[in-house]
Amino acid sequence: MGIENIKIDDDRFMQMRKAVLGSYKTGAEVDIEDGIAYQKALPTHKVLAHELKNAREGNYTLGHNLTGQSTAQSQFEFLECLQNDGGAGLLQCLYDSYTRTGRFEHLENVIAQCEREGKNLLNGFPLVNYGVAGNRKLVEALDRPVGALGPAVDSRLASEIALASGYTQLVDNTYIVFETYTKSATLEEIMGNFQYSLRLAGYYTERGAPIAVTVATGAAGDNAPGVAPPSLGTAGRVLGALAAAAQGVRHMIAVNWSFGNIAQDVASSFVTQKLIGEYLERFGHEGIELYMENGCLGGPYPYDWDQAFAEVMYAGIVSALSNSQMCQVKTFDEATGIPTMQNQARSLKGARMMYRIMRTPDLDFRNAPDTRREMEMEEREARAIIEKVLELGDGDPLKGALKAYEFGIMDNPVANNPRVKSAVMGVKDATGAVRYLDTGNLPFDEEIKAFHRDRIRQREGRMNRPASYDTIVADMRAIASGDWLAA
Amino acid sequence: MGIENIKIDDDRFMQMRKAVLGSYKTGAEVDIEDGIAYQKALPTHKVLAHELKNAREGNYTLGHNLTGQSTAQSQFEFLECLQNDGGAGLLQCLYDSYTRTGRFEHLENVIAQCEREGKNLLNGFPLVNYGVAGNRKLVEALDRPVGALGPAVDSRLASEIALASGYTQLVDNTYIVFETYTKSATLEEIMGNFQYSLRLAGYYTERGAPIAVTVATGAAGDNAPGVAPPSLGTAGRVLGALAAAAQGVRHMIAVNWSFGNIAQDVASSFVTQKLIGEYLERFGHEGIELYMENGCLGGPYPYDWDQAFAEVMYAGIVSALSNSQMCQVKTFDEATGIPTMQNQARSLKGARMMYRIMRTPDLDFRNAPDTRREMEMEEREARAIIEKVLELGDGDPLKGALKAYEFGIMDNPVANNPRVKSAVMGVKDATGAVRYLDTGNLPFDEEIKAFHRDRIRQREGRMNRPASYDTIVADMRAIASGDWLAA
Amino acid sequence: MTRTPNIVTGTIGDDIHSFGIKVIEHALDNAGFKVFPLGIQVAQEDFIRAAIEADASAILVSSMSGHARLLCEGFRARCIEAGLDDIVLYVGGTLSTGDMTWEEIEPLFRGMGFTRAFPPTSLPGEIVEALRQDLLAVSEE
Amino acid sequence: MTRTPNIVTGTIGDDIHSFGIKVIEHALDNAGFKVFPLGIQVAQEDFIRAAIEADASAILVSSMSGHARLLCEGFRARCIEAGLDDIVLYVGGTLSTGDMTWEEIEPLFRGMGFTRAFPPTSLPGEIVEALRQDLLAVSEE
């Protein structure tokens, strides 16, 4: 049975769940009714959906970063530091690569070693291995909403354990995982697995335990920084919202990563919100709360901590000018290695202050001429992609997406998965906005293409040589050494 | 003979100079012809006027902060650190309070003690005591333009020594000194002294040694943060530019401090440039280069270094969005005490990175609706003040300014000098923009007054109590504790 | 305390930072004290002369310029010389130059004879309260 | 060197960071090497198998995920087992988890039998140059 964008029916879902929960021993700890009751008993300040509403009304941002430590104890200490010293609005647990590939048995030993030797050998938190009991302890010991993520082909068991433990946020990573995190999995497999997690979130939500879901995004700023103009990501986010809505998700977060031109970045936030709202309506979904989140710039960071601090704070600026409710913050030691908790907390604190400074509730930045032009272009591009996807799927966004990658209608210039065409390529123009150097098979009209070409020409004129792959590499190196664009 | 805004004639100037140079022994080291020759022999990268031109053409910023150490050796080390580690575009020497009050004899002992004990007992660099020889050593040992400042009633001797030593920038602080730095001096006295320094800069400039002058500003963001809307400062800057132009200054910098609402702050940069250009033209001055500089927010800073870091970087944002050539940066340990050189350098580096990030050469932020509205209002206000000043002075801006303070046409809400009316008072509105709570005697029409009243009402509505002096104090405390506006 | 205490305030020496002391004056005024503000850049002698003229119970000295130490030396001795043996003497603001900690700064100024020294984090309310207590103590002696 | 050296490249284990190695592949290609890119998430065995098939002179292993240490253990031994005794073995990327310095990391990986280890600051040009030298050394032996 192929994938369709309709709600998984309860019987089938319960059957699927049985298999998932049986795949590792901690799955047995999950009792969904108990999980819902546990969620409903949480104080509202631990429920992200509530906190997001407050943030919108109060004009503030919920800052967070991604944290994954090898043991529950160190994960707690880390998150507590982000909460107390960083003022984090959400405590997001990133699970490690072994968890993402289901190597739970192997993890038992590594975790034991880490606990014994006080070492940190994993690149994330082995959430599944700690089971419901272990994760509830974490949720109880903390004072903010806890969320879970870890871009993986199959994170169904992790989602089950997370929600049963009182985590109130999940992330759908369908397209990012397909493009970047695997070289062999099919989109169908990945999509099916995330559809399961979306349904799980919907199931909880329908029973009074609102789960906020960060919807899927296409070729994103952090996965393809400086090489994929925002319309690819935005098209993905619209499809992501439609997928989530179909499974009963009612509290959505759309996340935009930044590219480095403030007009383009802010424009993208507004286009994302506009198009998601419009398509949700077109598909008959009502009463959905949509929140906006902005992330930092992707790509390599400067080794210099002060320059990196400035770059990290750009997320706060974009969030503030986009009137967003969330802000995902990298740390100023990003380039150095796995960030320390103090440095993460300090980065969060700085970005939140920046958000406050730049937040002027009535600043109509979206009506600045450049922002408006960026909005117009991106909207046209994203709309062209989405319409073509829907056409390919006979009106079904997911069926459409499955075909779209084959035809290069959805694409990522630097995909790791050979199933992705990678026929498009982007490069920064003279203002740091990302443009299509090659539109591949994207269904763009001549006017759009000409716009991108012209913009790239301007940069070529300044550089006095054609833009190419070398320009991209040079731009990355420029930022890493504290410059902005390569000359 | 009263003050007039006409060039001091050379004979009279030479006579005045004799008295000034005779007032302390190091004055004898000054030989103006030798000073000019010395300046002309400087490599262009040490001449601020050249560097400013490059910055405009290359779209970058010359960052700097104010530095004053007690001895030449420590001043050198400090500036070298800002130059090498901070990437400073200008090395500005702030002289100490004793230098500002001419207590040079007394300083001899303090300097000796500082040199002997390696102590730093002064709040600035005793520039005059080190004479031309000492200061030239400093200029030669450094690799960037050096500038001098120290808001004082009489800084004529300091200006003489600075220019003869190869400093290529001076600052006119007429109105700030009058309002804030003295409780007894008359404006006439202060204005006369600065007119001398302007003429000195003009004299060098006319002979091929371009001196960049930061023109006077009215009630400024750092002296009256959050309590004086920008039009007062802008009016002062226009008068300052007219005063400088009359004395032969050809390379001007207008400096705007920030208030905390990005639309208002950027608008103010553009209004300043527009009006200065317009009035210079009206007074027949041609061929003047005008550069823009933005400063940080005034007022108390957070004790938390990360929040302060974010606040410090706001200067970079405003500069970038204003297309400015200079950026004056406070440090993240501003609230802690006299900043260390490392922290100054780090702050500079961060702000420069922020400038690069936010700089998008074609971003037409000034055409965002809020920015445009702020520009329109500020322009009307500043123009009303300037026109009234000119009227009071029968067309002479300086004569007009002398009278304007008497009538409260120029004013500062928190002046330390009882000769200033302090009849105006400002407060932040709900968006952090500063508005007139009381317009005092400012020559504003009803529409302007109503605009400010409405904006304040909005904030009062949100606070649920009238705006007052307590609001100002609460806002200051809010920022110092990492918030933005008091609730 | 039978009468409204008179308080002399100002910034010392070269100091032009006036916000801090103005905020305190405002609070004292609200709390029923009678304030005699001398403004900025007040010399020790002028503080003392004004205190005598106003029959003041306390002198509040603000210093933010970084020269507090140089400028406050001998203040208590001059008070005693002038017959103001018991007058309450406060100093507050950014009292250090360089990297002294508050733990080092406070005893330094108390050693100079100041009744209390206040760091920049002190709130007007705290200051008013401290002053009330100190004046009560003096009047009970 | 008489023939164009063949080079096998990829990211090891769980690692999906591909920019770094792609940039290197591009540089090697421009410099006249023949590159066999294995993409992301390559197991030690797959690197070795590909090296044998391609008759490669060097294997370039990229690791950025933070698991470099866990994943690179035993690589040289496996090469020797497979008869690739002399093959040049490079590792590069963000090789530490936690707070190890480069001074500690480098000997660790050299100790594991890697010909060289490269920090994230290394430029493609430097890497190509090092590889040229190391291959020359091998061919002269």
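For this structure, a couple of remarks:
Should a chain be cited, it is by its letter among A, B, C and D, assigned in written order, with residues numbered from 1 in that chain.
Convention: a contact is a pair of C-beta atoms (placed from the backbone, for glycine too) under 8 Å apart; a residue touches a chain by one contact, two chains touch by 3 or more.
A quick note: this is a predicted structure, and the numbers were derived from the prediction, not measured.
Centre-to-centre separation between chain B and chain D, using Cα means, comes to 56 Å.
Chain A and chain B have Cα centroids lying 44 Å from one another. Centre to centre, using the average C-alpha position, chain A and chain D are separated by 31 Å.
Residues of chain A in contact with at least two other chains: none. Listed for chain C are no residues, as none touches two or more other chains.
Chain contacts in this assembly form an open path, with each chain touching only its neighbours along a single line. Applying the touch criterion to all chain pairs gives A-B, A-D, B-C.
Those residues of chain B lying in contact with chain C across their complex are 97-98, 100-101, 110, 119-123, 180-183, 300, 303, 335, 337-338, 340, 414, 416, 418, 469, 473, 476-477. Interface of chain D with chain A (complex): residues 13-14, 16, 18-19, 22-23, 26, 39-41, 65-67, 69-70, 94, 96-99, 120-121, 123-124. The touching residues of chain B, counted against chain A in their complex, run 260-263, 302, 304, 306-307, 309-311, 313-314, 316-317, 346-347, 349-351, 353-354, 356-365, 367-371, 430-433, 482-484.
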